[in-house]
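The two complexes that follow have subunit A in common; it is paired with subunit B in the first and with subunit C in the second.
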Partner chain A sequence: MSEIISQAALRALAAEWISSARQVFGPTAINPHTVAYSPLNSADALLLEGFVHPANSIKEVVFPRHEVLYGYRIEGNSVELLDDHAPLPEQIVIAARPCDAAALPILDRVFNWDFADEFYNRRRAATTVITLACNTADESCFCTSVGLGPDSERGSDVLLFDLGDQFYEVRCLTEKGHALFRGKTETADRTAMAVSAPPKKFDPQVIRSFVIEHFEDAFWKDHALACVGCGICAYTCPTCHCFDIVDAGPSAGNARVRTWDSCQFPIFTAHASGHNPRASQSSRQRQRILHKFAIYPDKFGEILCTGCGNCTRNCPEGLGVLSLAMEIDRG
Partner chain B sequence: MDNIYKPDLMEVISVRQQTADVKSVSLRFLDAERAKNFSFNVGQFGIFSVFGFGESTFNICSSSNWKDRIEFCFRRVGRVTEAMWKIEEHDIVGFRGPYGNGYPMDAWKGHDLIFLGGGIAMPPIRCAVWYALENRADYGEITVVYGARTVADLVYADELDRWAEFDRVRVVRCVDPGGQTADWKGEVGFVPNVFEKACGKCNDPIVLVIGPPIMIKNTLPILDRMGVGAASVYTSIENRMKCGVGKCGRCNVGPLYVCKEGPVLTMEQLQALPADY
Partner chain C sequence: MSETSVFEPKIVAYVCNWCTYLGADLAGTTRLEYPPNVRIIRLPCTGRIDFNLLVKGFEIGADAVLVSGCHPGDCHYTAGNYHARRRWILFRELLDTLGFDLRRIHFTWISAAEGKKWQQMVTEITEETRKLGPYTDLYANGPAPALPALDCASGEARTLDAEPELREYSRNLLAEGTVKVVVGYGAHGPVIVTRPEDAERLVWNNRCRPNLTAYLKRKEIKALGKPAVVVKPCDEKSLVVLERESQIDRNEIHVIGMACEGVGEPKCASCEDRTPRDADKSFGAAVASATPASAQPNRLAALMAMTSRERMAFWSAQFERCVKCFACRQVCPMCYCERCIVDKSRPITIDPASSTKGNFAWQIARAFHLAGRCVGCGECSRACPAGIDLGLLNIALHKAGSEHFGYEPGADALGKPLIGAFSLQDQEDFIH
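Here is the complex of A and B:
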């Protein structure tokens, strides 16, 4: 037995959430060529099929690309710091991919390691994630290589399975999930069939060993030659979380803000003296792999990558974790 | 909401120009309760800011025994420090911290201390020197070798004279060849060589060496020849930082987050890390 919902009823439910005070995000066509997770103004805009992975990730729901940490008012010699007391709306992500949902428990660790980041935590607490299991994968997908799969429950409050006939099986995994679907589903005697998983493409332990043991290796230089240093790998990654803190001056409302940053940019680590510990693009590419497969796992016991494939899918040069990892794994 | 990024507001007590492009600033907390409860270890750092311009990371270069103020020192080199250059007495600036581990001053007790500094590296040495001088009985002989490109680039030059007046303290000043003036009474040469010439022998000392990578690189073989083990040689890794709390992702040297597990490391620790610094 299972709980199911028709696509029409699911859209009606999404419409109800949109019309309430909630902020609803989901995959939508932001232009004829691009599907991205975006705020939805209409349930009709929600895409439930016809794409593999949106061009971005759901991290921006809990870690916006630009966020005010506090404002300040300067009058003569006095400074007053201003907290943003605006209440945070309840947030719902609908039709997240399992590889995006799985990133949230991974990000939880970083933002609560010793110092608790309440900007992240309050958005996370206000967010419910409704995940849509994958029934399709492309050549960039590799969730199964990092211990996940197309129907992984990790980080999801609800997991939906496309039953193929305009119906979805609804598996509520948390109380937050139940709260959204209680009384909205019908009981049926059919359950989702197995979803198709991408093949395993590399062994993460091999990547970990390689980056530690071959810290100085021509491999990094060879691959960095093609890298244009654009940072799209980090910006579209569900687990990349590096940030900058900068001042938006008087013209932007006098606030100190956090913005996304990327380890692929030379200024990321540049010292005031001019010295740069990671002066070359090869050292920056290596850092991204090192962080995902060695540094984070050593600290928190799991890989900083969910196999979404966005870094490879979006890279203008076809680099990213998958391309590098497959080549390392081949030896 | 507890906001880990929100700074304390601090009033500028005084500003001193140290060189043509270096200034030091003394600050006091505006909040009396915070001032009373604040403590730190020498060697820890803070994130200092000018509102409207941004934050920058500096060692807290005052001694932790000074309860009425904290100090930092900066070189005018970018957007934030350009704004800091203009700050005056009674201005309000931001401070977050203290962050990082600091020098293990208790573990250093009973040892001779050797401080080797180059250029703008004097501030993070100065806090430890003052701390050791204020707890003079706890430490053995103290040697300070401090060099800069020219005489005009020496920071805290007046304090070097004051240190030299203490019992069992030796202060050696040097400038790079060509950086001396007609009345220069210090040494001419580079810190590693001047140090080697000045201190042939030592007795199981603790060495704190901070300066440009080339200075550190050239100092290590000399210390090795003197029989000082890498576990007794300390430095402070001054990597670029933004958050100070282990999240923003840039200060790591391989697996080590400098903001949390540093900035103070022994050469033994540093040599075990990948060449990522």
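Here is the complex of A and C:
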């Protein structure tokens, strides 16, 4: 026996959440060629099929692109700090991909490792994630290579399975998830068919060994030549979490602001002296692989990558983790 | 003081030190009365005004801005105001495209002797702005019509006949030492080939989208030695601009031109440049230019048919999605500055946050820095992960350059640049 919900009922539920002052996010078609997770003003905009992975990730729901940490007011010689964070609305993500949901527990560890990041934690606590298992994959998908799959439960509060006839099987995994769907589903005696998983494309242990043992290998230099050094891979990645903190002046409302940052930018590691320890694109690209397959795993015991394939899918020059990892794995 | 607040417009005036500032001073010493709503910012010359300052004025709460300098022919530095005039003509078009309210942007010539004119202008502008009310439309969201969609071809790549010749030629170039590196297309994106045996990795098909001339600026590529670069006829124009701007020595770059039947980008439907013009070696049979009938919908015309409020709402919705990954900058052959203005933090000229406001500031700077330089390769739009049609801003500036000055970027390696040059005959109808 399983719990199911019709697509119409799911949309009606989404509409109810939107109208109840909750902030609802989900995949939408922002133009005929691009699907992205966006804030939903209407349940009609929610896209539930016909795409593999949105061009962005759900991390901005818990880790916004820019976030005011506090404001300040300068008068004469005195500085007054202003902490006026309004209470957060409850946030619901609908139809997240399992690879995006799986990134949240990964981020939790970073933001609560030696210091509990209150700004992250308050958003995380206010967020419920309803994941939709994948029934398609494209050539950039590689969740199965990093220990996940198209029906992974990790990070999800609810996992939906498309039953193929405008119905979804609903598996509530947490109390938060139950709270949203309690009384909204019907019982049926059918469960989801097997989901389609992308083939395994590389062994992460091989990547880890290679990046540690061949740190100075010419491989890195050769493979970075086609990289133009933008931040697409890091910014569309569900797990990349580096940020910068700037004091935004009067035109930005006098505030200390946290903004996303990317290790692919030369300025990321530029020292005040002018020295840059990662002066070349190859060292920056290698750093990204090192962090994902060695540094984070050494600290937290798992890979900093969920195999969503966004870095490869979005890269204007066809690079990204997958192409590098496959090349390394082939030897 | 009364509790009911009467709207008092805030006007920021960016004025030239030598003329208008003295004119305003004269107005004061001759006891001419004018509204106190204007905040004067004194600058050495209108020719030195960074146009982001105008935008910044609005951002910090100005309801109108005024730029004022010396009359034509009267510049303290000979020609600063002529430079300014040309830039204003173009910048005004950019702001119009973005949906700024042009009724709030004023330009005047006021000399040191014209205290009376200063009084009149400030009075008029204050009254006009008072009628318009506070500038609440800045970066405001709201309803906006959708633009007609662009047709972007999908489907599998189809290998073209010239591919074997291209590989053979590239292999020989590397083997003979004519070049040290070939920047070309591979199966999944650009490939950088340095060994003759790797020339097999080169492909030529109808999905070879990137403009590879963007690699010529990268120091990692420069370090390899003399490059050969595979270009489509549209990309070739970038080389003309780069040469004129002394960024490349054309003799030190081997250009492999490919006749092109289109690579499935929106621009291809109306492309008139199908055959390379100035390559060191060309491949592929000549292809007929596209017929205008297959052209894409005119998105710029559709955008300009909106009201300015709708245009701003349109761009706000677009820029809300910008994550500031700077892919638009990195894939652009013309964005070659070693340090981009957005990376400078002392002072912060462009708000680094990827907020709607910070994104407007960034995209205004990017588009305007490309005025008269962008050859319309469309890489910015192609690369944008947020699906923002950034090229539309460049197209607007291209149109402005063409209409006002008959200027065609990438047409002439020896010609004068659009910005950085001026003519005494430059025409406008908005400077009072």
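Operating definition for what follows: the second predicted complex is superposed on the first by the 331 of 331 C-alpha atoms of A that agree within 3 Å, B and C clash if a C-alpha of one lies under 4 Å from a C-alpha of the other, contacts with A are read in each partner's own complex, and residues count from 1 in each chain.
Here is the rule we use: contacts are C-beta pairs under 8 Å (C-beta built on N, C-alpha and C of every residue); 3 or more make two chains touch, one makes a residue touch a chain.
Keep in mind the model is a prediction, meaning the values are calculated, not measured.
After overlaying the two complexes on the shared chain, residue contacts for A:A12 are found with neither subunit B nor subunit C.
Legend: residue contacts after superposition of the two complexes on their common chain; A:Y235 is shown touching subunit C, with no touch to subunit B. In the superposition on chain A, A:H271 makes contact with subunit B only, while subunit C stays out of contact range.
Contact with subunit B, but none with subunit C, is seen for A:S283 once the two complexes are overlaid on the shared chain. Look at A:V206: by the touch rule set out above, it reaches neither subunit B nor subunit C.
After overlaying the two complexes on the shared chain, residue contacts for A:R65 are found with subunit C alone; subunit B is out of touch. In the superposition on chain A, A:P250 contacts both subunit B and subunit C. Once both structures are placed on chain A, subunit A residues 244, 246, 249-250 are touched by subunit B and, in the other complex, by subunit C. The residues of subunit A lying in touch with subunit C in their complex are 30-34, 36, 38, 55-56, 65-66, 221-222, 224-226, 228-232, 234-236, 244, 246, 248-252, 257, 259-260, 262, 265, 267, 280-282, 314-319, 323.
Touching subunit A in their complex are the following residues of subunit C: 56, 59-60, 149, 152, 186, 188-192, 194, 210, 214-215, 218, 220-221, 224, 321, 323-327, 329-331, 343, 345, 347-348, 351-355, 357-358, 379, 382-383, 385-387.
By the touch criterion stated above, subunit A contacts subunit B in their complex at residues 69-70, 72, 74, 77-79, 81, 83, 110-111, 113-119, 122, 212, 215-216, 241-247, 249-250, 254, 256, 258, 261, 263, 268-273, 275, 277-278, 283, 287, 290-291, 294-295, 298-299. Residues 1-7, 9, 49, 51-55, 75, 77-78, 81, 90-92, 94, 212-213, 238-240, 242-243, 245-255, 260, 274-277 of subunit B touch subunit A in their complex.
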